[in-house]
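Next come two complexes, and both contain chain A; in the first it sits with chain B, in the second with chain C.
Up next, the complex of A and B:
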């Protein structure tokens, strides 16, 4: 195996192994808490994987992904809690509903370009947030939806923090592999062509509208699955998790992660999610310090987006590639 | 060649700069953790005696209910200091870990999980709001620790959970009391305006349940969402009816807006509120429009109503004096709820032997009988975790920017 191949695959394998083994490594008195936080990291990573396809490869911006996240969460919560259907049905329904939602939004709005598309998704996000608040018969209104059953497959209930962690990170692994297959094939090349130049892509025979709709739908489904997992891991959801603020955080993760990469956005999801739960990784951190971080979190995200745009537009992925290049490895 | 290498060097420079910047951004707030805090040292000297008993407090310190969370936190801080100066609980100091739920159920749930999984708290006080209190229930059940809520929704104790206690008078107590008052004013038709949050939604359900039976007709029902900034539309609908009074059920800061909108619309009919409005912020926010506003609440606003020869009066006056001295203003009913919540837990701890568990603590809180608090005299039972009665309420009116007893 050449040096390039080593550098290309070994880090990924190490990282995958680390995440798979984390529940076995976390044994301290606050292991429950640490695992819970890393489970949230996994949920966010799944949303950001979808955004990586949309933003990082196809170059389209969505400011409405928290709405798809919420759509998946409420769909599954409603079916499993009110109608008492099994979790797997809730999951499939979440996939279906977010796919339809993504397609319905994509069909008209993806004819728009640049910031008009961002505006359309922004509007969609706001409409869905109002719906989550106002449709209180289904969503429970501003007080949210509680007592959502835990995820269960067959007779196995994902009850322990370890089981929940593996469930979510298992989904992340599957999502990563699927996304990896999409981007390494023809659709991936078409997406990059679209990103580079829309006219160029059309001239090369890429059906850009169809491609945009498919990518947008796929990324909505990623968010929907993440929403379903979130609802059944936490057992409680309310509209405040599905606001523009959350959409912006997802975009921040995708931007920081960088384009043409899946691992970069996942790393960004890890770092930005942990910022709010810094006491999970630094056990000695005082509560006051944590409170300061949480107060400044939104500002921190904003600064990160600005500085990435200015200084390293290619994000983590770009830095990693530049790092490899500087030691003489060509990718 | 020279130019190419310069570009490369600039590329590396940018790379280096951005790495430094990003990590700098992440690290600056973290650097605070390395400086030792004097507080910790103080705790250590106490810890030499015995390990502290750790209680979690989930309060709404920001958001719509910030006006509730602030006096609640003030009270708990002041009383914990007092308890620890007096030797704590059988030699164990009390340590309270505060979490701000930002008047958001989701944040309350995350805060509860953190208190349970990371800090191993014995009990949780809070939250300030009904919605947050109900959201926390899943985590409370999972951990099996007692929760003493400071929120006034009926659902908190009506939807009974053996682990959950409540210190304010629930809507099921206050609404019949308010109905009696309204009837005494010869009002039979009311327009109801409630918020869609936990407390308001709960109030709406109780009103609809009780008013018809008491001969009161709700001629118009309007709701608003927490965070709304104008209720003129809802009030205009009520103005178009023959309602003789507007009844508002909401504990958020939006209540002041309702009063102001009514004044702006020139509505002359009285505005009657809930025990969720017993706060100075309401009077300050509504200004002139608050004049004549009436609501039922506990006796702490005018302690003479306890009866000057009662133990309640002594407890309340002592509390009011200490609170006023420390914070420069008199405590409101919400401070009282926090006082009651803290002492219900601490007094139960005092009655228990060393090494008790959260389950023991729950059982002991349930055995509370005749505890003289600020909200009233508490007696819990296996089926009643509210423990107060309508005798603990009086009707207030706002006059000249202060509370007086309503006639």
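Up next, the complex of A and C:
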């Protein structure tokens, strides 16, 4: 293997190995907590993978992705808790419902661009949030759902922190590979073309209407699957997890990660999620320090985002590419 | 006729302005036809209508017997009619090779599912599309710029790249909107060679152009538009002497001199 190929594939393999082995590395009294936090990282990473397709590749903005995250969570929670259906049915239903939701949200995107599209998706997110609160017969209202059954597959219950972690990161791995295949092939190229010039894409025979619907749908399904996993890992959901604030954080992760990249947004999901749980990375942190960090969390996010945008507007992916280039790798 | 573009009574109004006024002409298979006229004559609007980027108010345009007008632009491309733009519409952050690869979109088919699952069919299709893109880059003389992002290419080469992208859709009819605009003399001469090469590959060409040297050199027939209407049509040597054309280009006062 040449040096360029080594530099291109080895970092990914090392990172994958690290995440796969984390449950074995994390031992001691904090292990449960560390794994729980990294499980959240995985949930966010899954949402952000979908956003990377939509925003980083196709150039379409969504400020409503927390709604899909919630839609997946509520769909699965309702079916498994109220109707006592198996988890796998909940998961499949979450995929189906969020796919339909994604298609519906694609409708404004066919006519609107840029800020206007952002506003429309923001409206969608708010409508869904109100629905989660008000449709209390189905959603449990402001109190939400509790005692959601754990994910289980063929008799195996994902109960231990390790099992939950592997379930979520297994989904991230599958999602990463699927997204990677999509972006490296014909659909990915048409998404980049759409981002680059709509007229140019149309003149090349790209059906941009169909493409936008497909990208929105795929992106919504990623969020929906993440929502389903979240519900069954935590066992409790309420509307407060699916607000505009969450949507904005997801977009921030996608922007920080950088365009035309999947690994960048996942790295951003890791860093921004961990910023809220600093004690999982630095176990010695005192309770007081942690409280200060959590009080200033929103400011911390803002600071990270502003710094990265100032120093590296192309995000983590751009930084990484610049790094590769500086050691002489031709991209 | 099989490979004929038949434009009949095409009219396009913007409010009170008649941008294209009852224009009719034919383009025969294997021909290079130029559409010329003073600024604002309606040439680009005519192209936009023919390629589905604008809807006409009246008229029809059939290619190989199929109506083009009223179709979505991406469907027009699938019928074998491709175009370039007066202001290039390239994918700036993609390389020359990737830009041309997008052009193969119309005749490849692997979608989200087959790409996601890496089906062998999608794989094979990608390889063929990539080879085709390289072939077209060689055809327009851009092989050495294969991996250069479009944004980093000089103006003249960008025009050639857009032509290569249009060719990747495998058109039978190619509509070029001012391909020589902004090119120097050497580049324009090179463009003429590229046009001949494309024509020799069996592609019929309609070209909107202001560079009269190029128009007179390459075109078999010329259509002249003025204020939206066709005022003359014929081979270059006759168009050069046509009083209506001279009047449109030079203005009435000049004729009175």
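Simple rule for what comes next: the second predicted complex is superposed on the first by the 320 of 331 C-alpha atoms of A that agree within 3 Å, B and C clash if a C-alpha of one lies under 4 Å from a C-alpha of the other, contacts with A are read in each partner's own complex, and residues count from 1 in each chain.
Throughout what follows, a contact is a pair of C-beta atoms (placed from the backbone, for glycine too) under 8 Å apart; a residue touches a chain by one contact, two chains touch by 3 or more.
None of the values given here were measured: they were computed from a predicted structure.
Participant: Quick one: chain B and chain C on chain A, clash or fit?
Facilitator: Result for chain B and chain C: fit.
Participant: Is the number of chain A residues in contact higher for chain B or for chain C?
Facilitator: B
Participant: Using the touch definition from the top, say if A:200 reaches chain B (first), chain C (second), both or neither.
Facilitator: It touches chain C, and chain B stays clear.
Participant: Quick check for you: in the superposed arrangement, does A:182 touch first (chain B), second (chain C), both or neither?
Facilitator: second
Participant: Tell me which partner A:308 touches in the superposition: chain B (first), chain C (second), both or neither.
Facilitator: It touches chain B, and chain C stays clear.
Participant: May I ask you to decide whether A:218 touches chain B, chain C, both, or neither, giving the answer as first, second, both or neither?
Facilitator: Only chain C; A:218 stays clear of chain B.
Participant: Once the shared chain is lined up, is A:292 touching chain B (first), chain C (second), both, or neither of them?
Facilitator: A:292: touches chain B, not chain C.
Participant: Give one of first, second, both or neither to describe whether A:27 is in contact with chain B, with chain C, with both, or with none.
Facilitator: Neither partner.
Participant: Chain B and chain C, closest CA-CA distance after overlay, in Å?
Facilitator: Taking the overlay as described at the top, chain B lies 13 Å from chain C at its nearest C-alpha.
Participant: Touching chain B and also chain C: which chain A residues?
Facilitator: No residue sits in both footprints.
Participant: Sort out for me which residues of chain A touch chain B in the complex.
Facilitator: Checking each residue of chain A against chain B gives 29-30, 32-33, 36, 133-134, 136, 141-144, 146-147, 234-238, 240-241, 256, 271, 275, 278-280, 282, 284-289, 291-293, 296, 300, 303-304, 307-308, 311-312, 319, 322-323, 326.
Participant: Can you name the residues of chain A that touch chain C in the complex?
Facilitator: 178, 181-182, 184-190, 192-193, 195-197, 199-208, 214, 218, 260
Participant: Across the complex, what residues on chain B touch chain A?
Facilitator: Residues 11-12, 14-15, 17-19, 21-22, 25-26, 29-30, 32-33, 37, 40, 97-98, 100, 104-107, 109, 113-114, 117-118, 120, 130-131, 134-135, 137-139, 196-198, 201, 225-226 of chain B touch chain A in their complex.
Participant: Sort out for me which residues of chain C touch chain A in the complex.
Facilitator: These residues of chain C touch chain A: 51, 53, 72-74, 77-78, 82-85, 89-94, 98, 101-103, 105-108, 110-112, 115-118, 122, 125-126, 129, 165-166, 168-169.
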